[in-house]
Structures are given as structure tokens and as C-alpha cells.
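For clarity, chains are labelled A, B and C in written order, and residue numbers in each chain start from 1.
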């Protein structure tokens, strides 16, 4: 009995290191995965048609979602901040404030999160089910490198499409904001966008765009990683798609955090 | 074993060892497949049949052992040579493994996209696809999506895909699982027809005794990670070994 | 096959549209910062730049015409500012123009105003350095004006008390004068009046200092005062202020005279005849004072309506309402 109790008490502390171990293991795995991506992305053969297909799937098919989200984002953001600015008698700052916050931060992060939900989980589920039904193995046997065909194309597609989606979403958001200003504050669209471009600087738009490439990469990478190494049958597919969204969202914020630091260093003068 | 010296095996496994952590799945498995032969490997679920067949085509790496296909050791081959060698092998996966996002036609064309130029096949994709589909009696289904097919049809399309490069060896991973007995019989018959038509050698992995009885020239029992016993169906059902009897009892 | 072709076209449209959006945004921003088109560089030296930043606007006669490209310390309290000016505006700027640092409203971002000057001078060339002027902040002026206004408010309420008493006919003028408390009140009022006029004077002096120190013609000085308030408006406010202070000064002098007169003739009976006339005079004097303070208030009101000062005045408003309420309460209590 004493031996049993000892064993049970041993279980508690032993759990923690094993958890930490699996955490680092996962980080290591995903790093290898990323490394393999960089090795394979530049070597022949290039799966160009599949890349276009994925770009279409991720880009064009997310347009409506991103558009609607962006529009509402701009609309709500403007409506919510109007009273505060009015208190200071500074409604005329609305365009510059809204544009800077949307272009620099809110637009990229919100749209990336939406895409993590749509694209990331989609990739996780698709690759996951391909893995458990041996479609990935079948590809390998058919002489096609599944990593190139499935993973590389998807990661490249998200990396290229996300900045475009974010630009699109930001634009729609600014139009939403301009609409509110136009109706409530009687600011013309011309004046609104004049003020927007007055307020925006390269140091707002360029880091945000660079950042969004990384967002896209993270969404593709985590989704593919989770799907590609999916196991445990259909349950695993659900887990993969869920984990893809959760990890991607977390990673997005970490990237954002790092991006703000880096931006701060390079654009310190501003 | 003396036979092996006279007729060179087209596929050979020697002392194959594979473990997952503490789980030793294969502990020195041996196998020889001769030209034109239907070899059935039987074993319980989880006995390592699928692992063995995946090691065979390089989907998994064996810990130790020699895998020789047409005289080439695949464990030392590079990716390019391995891909060329794989054109000689057709693989029918357990769950058919059709690509969900592609039509039947695209599924069948998939192996052609990389291998066609290497093999210097002159026929057009269309001809090859139609020929393969006719072989399995599903020429009408060419533009359907896999989701629109029944389980039996999927298995046939998968078989057509495995056949499209006219491989010398076809590996069947549980060809009858998940199918009703009648469809299973149809698939087995199809396998035999194709084997006759193209003179292929087949390695069939199954736990379906009926399947083994109909198709097997020779049966190997995979028990405890080794080739426990091998012989014809007749020989095995007469065996007094309790482990062998457990298989054929029902 | 057909499907993939349309997919490709749609993808192409999306990619081109997205890229165009991004590039045009970059272009518009660059355009605002005068990165494209021909520009000339202009310098000005300041002792204090009040938090001016790179990229802040440069205005010539109120038109956005360039941005700040460089801020460099070239010695103790010597800051060299480099500006990039659009060429089409730059050819209208003469070498004798003056640069000053201002702000886009009380809390707005800083900017540089370049003001044209009278007199002959050649147009600027790239690399020129023009004269500069560092001015007093708008805030200082406002504080002075506000103190003046408060003084005027106290004064009016005090004088109101006196007039009420006179009108109510509480005793004769003799009583009024014999009443030491009342006399003290009157004296106090006069003092307050003096203080008010001094305050107003100070404000005007400050404004005048600015005007004279730059040595501009009058309209230019007006423009200098605040960047966004139109020069003429401020100019007229100053004129009004000047007028009200003169009025207040006159009134206080009048009152002084009366007070002395009354003191000298203290107790004399024949003054009774004069009483009526005196009361009338006092009344009209008070009217004058009222008018003067009213004008002062009006001027403040005018400033208030300028949206940039709104925040500042809103606070003042609250304090004032409270003060008026208190003084009315006091008045009622005394009566």
C-alpha cells in the first residue's frame, strides 16, 4: 500500500515536467516544420496551379467575410469613439484617429483573427482529414511530394493573400467610418479621406503591411502543421482544426507584440 | 526457402524491425513476393500489417532490416530514385484515400502528373483514365466527386488509380474493410481479373479469411511481429497450432 | 478546366485590386509628405520649437505647402529647421518672409507658419534661410483676459448693489454718503474698476507687445496672434478690448471725482439740491460701466465661439455660473 501511495503522489509533480516537455517538443516540431517549408519552397518542382487554387480559395472566398467584418468594424469604431472626441470638441480628429488605429493595429489584427478562424481551421481540418484517410500517403506514393503540394502551396497562399485581405478590409473599414462621419458629422468623403491621408504616414502603413505577411505565414504554418501531423482518426481532425485556430490566434498576438517592438525601434524618430 | 534462389523474388523483406517507443511492432519480419503471385499477409488488428506495408513503400522508415523491390534496396534510395521505383508499385489504401477535393478524373490523373514524363507514356491522360476506369467498370463516374460515390465505387476508383501506371506490384491494404460481403466479393473478383490481365504480383494485407481463401496463392501469418507461419490456405487451416487455429476458426 | 480559368481571372482581379489599393494609399501618403513632384528646401532657425516633429505641416499664408524634414540642434538654444516646400508655392514666397511655430488649435499638432512681408525682396531659392520669430503662447493671453473679466463681474455686482439702494430711495444722498459702509463699498468698487482696467490694459499691452515686437502692419500682427483664428477677428477683439478699457478708465475717473466732491461737501445742506443731479450722474456712470463690462463679456464670447478655445472656456463657464449664483445669493442675503 505504501508503495501505491508513493506512486500516486509521484504522479503529481511528474506531470508538470512532462507538460513542459511536450510544450517544448511542440515548439521544436513546429520550428522544424517551418524550416522544412523554407527548404522546400525554393526547390523544384513548384506546384503553381495548386498555389493559384489555394490563393483563390483563401483570397477571393474570404472577401465577403473580411468585407463585412471590416465595414462593421469601421462603423462601430467610429460610432463608439465619437462621443469621447466630441467631449473634447475634437470631432475633426475622427478621421485621423480612426484611420491610424485601423491601419496600424485593429484592422490587421481583427482580420487576421477572422482569417485564422476561417482559413486556419479550414486548413487544419482539410489536411487533418487527408492525413487520417491516408490521402497524404496516397500522394506520396503517387510520386507527388505532399509537403510541396499541400503545405507549401497553402502557406505561400496565406502569406500572399492575407496582406491583400487586410488592405481590402482596412479600406472597407475606412469607408464604413467615413459613412458614419458623413451621416452624423456631415463630413464629406473627400474631406474625410483628405484628413485620413494627412494623418497616415509610411511608418503606419509599411510596418502594418509587413506585419500582415507574418500573420499570413503564421496562419498557414500552424494550420498546416496541426493538420499535417493529425492523428487519432476523426476526433483528431476536430482537434487539429480547433488547435489550429487557438494556437494561431495566440501566435498572432505574439507576432503583433514583437512587430510593435520592432516598429518602435525602426521608426523611433516618429 | 530453396525456391527463392531459383526464382528471384520481385519484392523482399528481411529481418524488418520497427518500434514505436516501447511498442515493438515488427521484430524481424521476413517476406518474399514472387512474380505473378498473390501473397496474403494475415494478422490481427494492430499486429503491424499496415506498418509493414508502409515501410515497404517508404511511407515509414524501418528501424532495421532490408527492403528490396526489384533488386533495389529502398532504404538507401534517394527521393528521386524512390519516386521512380514507386511507379512500379500500385497502392490501394484501406479507406480508398481518394482526394476529396478532386473529381474522379483528377484523382486518376494525379499519379500521371509527375510520373508520366519519367515513364515516357505516350497515351493522353484521357485515354489512360478511361482505360483504367473501364477496367473497374466505372467509366460513367468520370466527372463525379468522391463524395458522390458509394463505398464500393470508391474502392474501385481507388483501384483504378492504383492501376493507372500499370505497375508490376500492387499492394492492397485491407481491400475489403468497410464493405458489405457482396461488394467485397466483387472487389475480390476484380482484383483477380486485373491480376490476370496485367500479370501483376499482389501483396494483400487482410484479416478477412474469405478474401484470403479466394485470392491467396500463399498466406503468411503475422503474429507477434514475425512471420509466424506461411503456406497455402489448405495447409494453414489444417494446422494444429492454437494461434493459427484462432484465425481460421470462424 | 473552365472553372479554373474563371477562378484565375477572379483571383487576378482581386490581386490587382488589392495591390492597387495599397500602392495608391502609399502614393497619396507620399504625396502629402511631398515625396513626389518638385520641391525646394528652406531653413529657419528657432530658439524653441515647442515640440515640433518631423513631418509636421508647413503653411504659407495658411495654405498647406510643405512638411518639416529636419530638426537639428546647431548650438545652445539654436535649432535649425529644414522644410520641404512645394515648388509651385515656393516661387510665391519672398526671401523676407518670416517663419513662426504655431499649433493647429490649442491641443493640435505643431506646425510652421510662413508669413509674407511687405516690401521688395527676391523669391526664395532652395537652401535659403528665412527669418523666424518665436511668439508668446495663446494660453498666456487667455489667462490675462479671463482675470480681467472676473474683476469686471465682481465690480458690476458691487455697483449694482449701490444703484439698487439709490433707486429704492433708502434715505437721501446725504445718508448714502454718511453711510461709511456704503462709502467703503463705493471705494472698493472704484478700486476693483481700476484693477479691471489695469488687467485689460495688461492684456492689450501684451497683444501690443507682440504686434510691436514683430513690427508688422496691423493685419499681419493679427494673423500672428493665433494660427487658426482669423487675423481680422482677433484684431477687432483687441480694438473692442481697447475701447472697453478706455470706458472703464473714464468711469473710474468720474467716480473718483464724485467721491471727492461728496467728501468735501459732507454734511452741507445745499448739496441736497444737487442730490438729484448727482444721482442721475451716478446712474449714467453706472450705465457706462455696465456697457463697458458688457462689451468685455461680448469679446470673451466672441473668443469662445471659436471652436479651438471652446474647451478652455467651457471650464470657465462653469466656474462663472457658480460665482454669479453665489454673488446673487449674497445680494439677496444683504437685502
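In this text, a contact is a pair of C-beta atoms (placed from the backbone, for glycine too) under 8 Å apart; a residue touches a chain by one contact, two chains touch by 3 or more.
Nothing here was measured: the structure is a model prediction, and the numbers come from that model.
Engineer: Give me the ID of the chain with the smallest distance between its Cα centroid and the all-protein Cα centroid.
Structural biologist: Central by C-alpha mean position: chain A.
Engineer: Which chains, taken as a pair, are joined by the highest number of C-beta contacts?
Structural biologist: A-C
Engineer: State the chain with the largest centre-to-centre distance from subunit A, centres being mean CA positions.
Structural biologist: Ranked by distance of C-alpha centres from subunit A, the top chain is C.
Engineer: Calculate how many whole Å lie between the centre of subunit A and the centre of subunit B, each centre taken as the average of the chain's C-alpha atoms.
Structural biologist: Each chain reduced to its C-alpha mean, subunit A and subunit B end up 41 Å apart.
Engineer: Roughly how far is subunit A from subunit C, going centre to centre by Cα mean, in whole Å?
Structural biologist: From the centre of subunit A to the centre of subunit C is 51 Å.
Engineer: Need the CA-centroid distance for the pair subunit B / subunit C, whole Å please.
Structural biologist: 92
Engineer: For subunit B, give me the residues that contact two or more of the other chains.
Structural biologist: Not one residue of subunit B touches more than one other chain, so the list is empty.
Engineer: List the residues on subunit C that touch subunit A in their complex, please.
Structural biologist: Contact set of subunit C toward subunit A: 4, 7-8, 10-11, 14-15, 17-19, 21-22, 25-26, 28-33, 53-55, 107, 307, 310-311.
Engineer: Within the complex, which stretch of subunit A touches subunit B?
Structural biologist: 45, 126, 129-130, 133-135, 137-145
Engineer: Write out the stretch or stretches of subunit A touching subunit C in their complex.
Structural biologist: Residue positions touching the partner: 49, 52-53, 55-56, 59-60, 63, 88-90, 163-165, 167-168, 171, 197-198, 200-202, 205-206, 209, 269-270.
Engineer: Can you tell me which positions in subunit B touch subunit A when the two form their complex?
Structural biologist: Result: residues 54, 57-59, 79, 83, 86-87, 89, 91, 93-101, 110-111, 113-115, 161 of subunit B touch subunit A.
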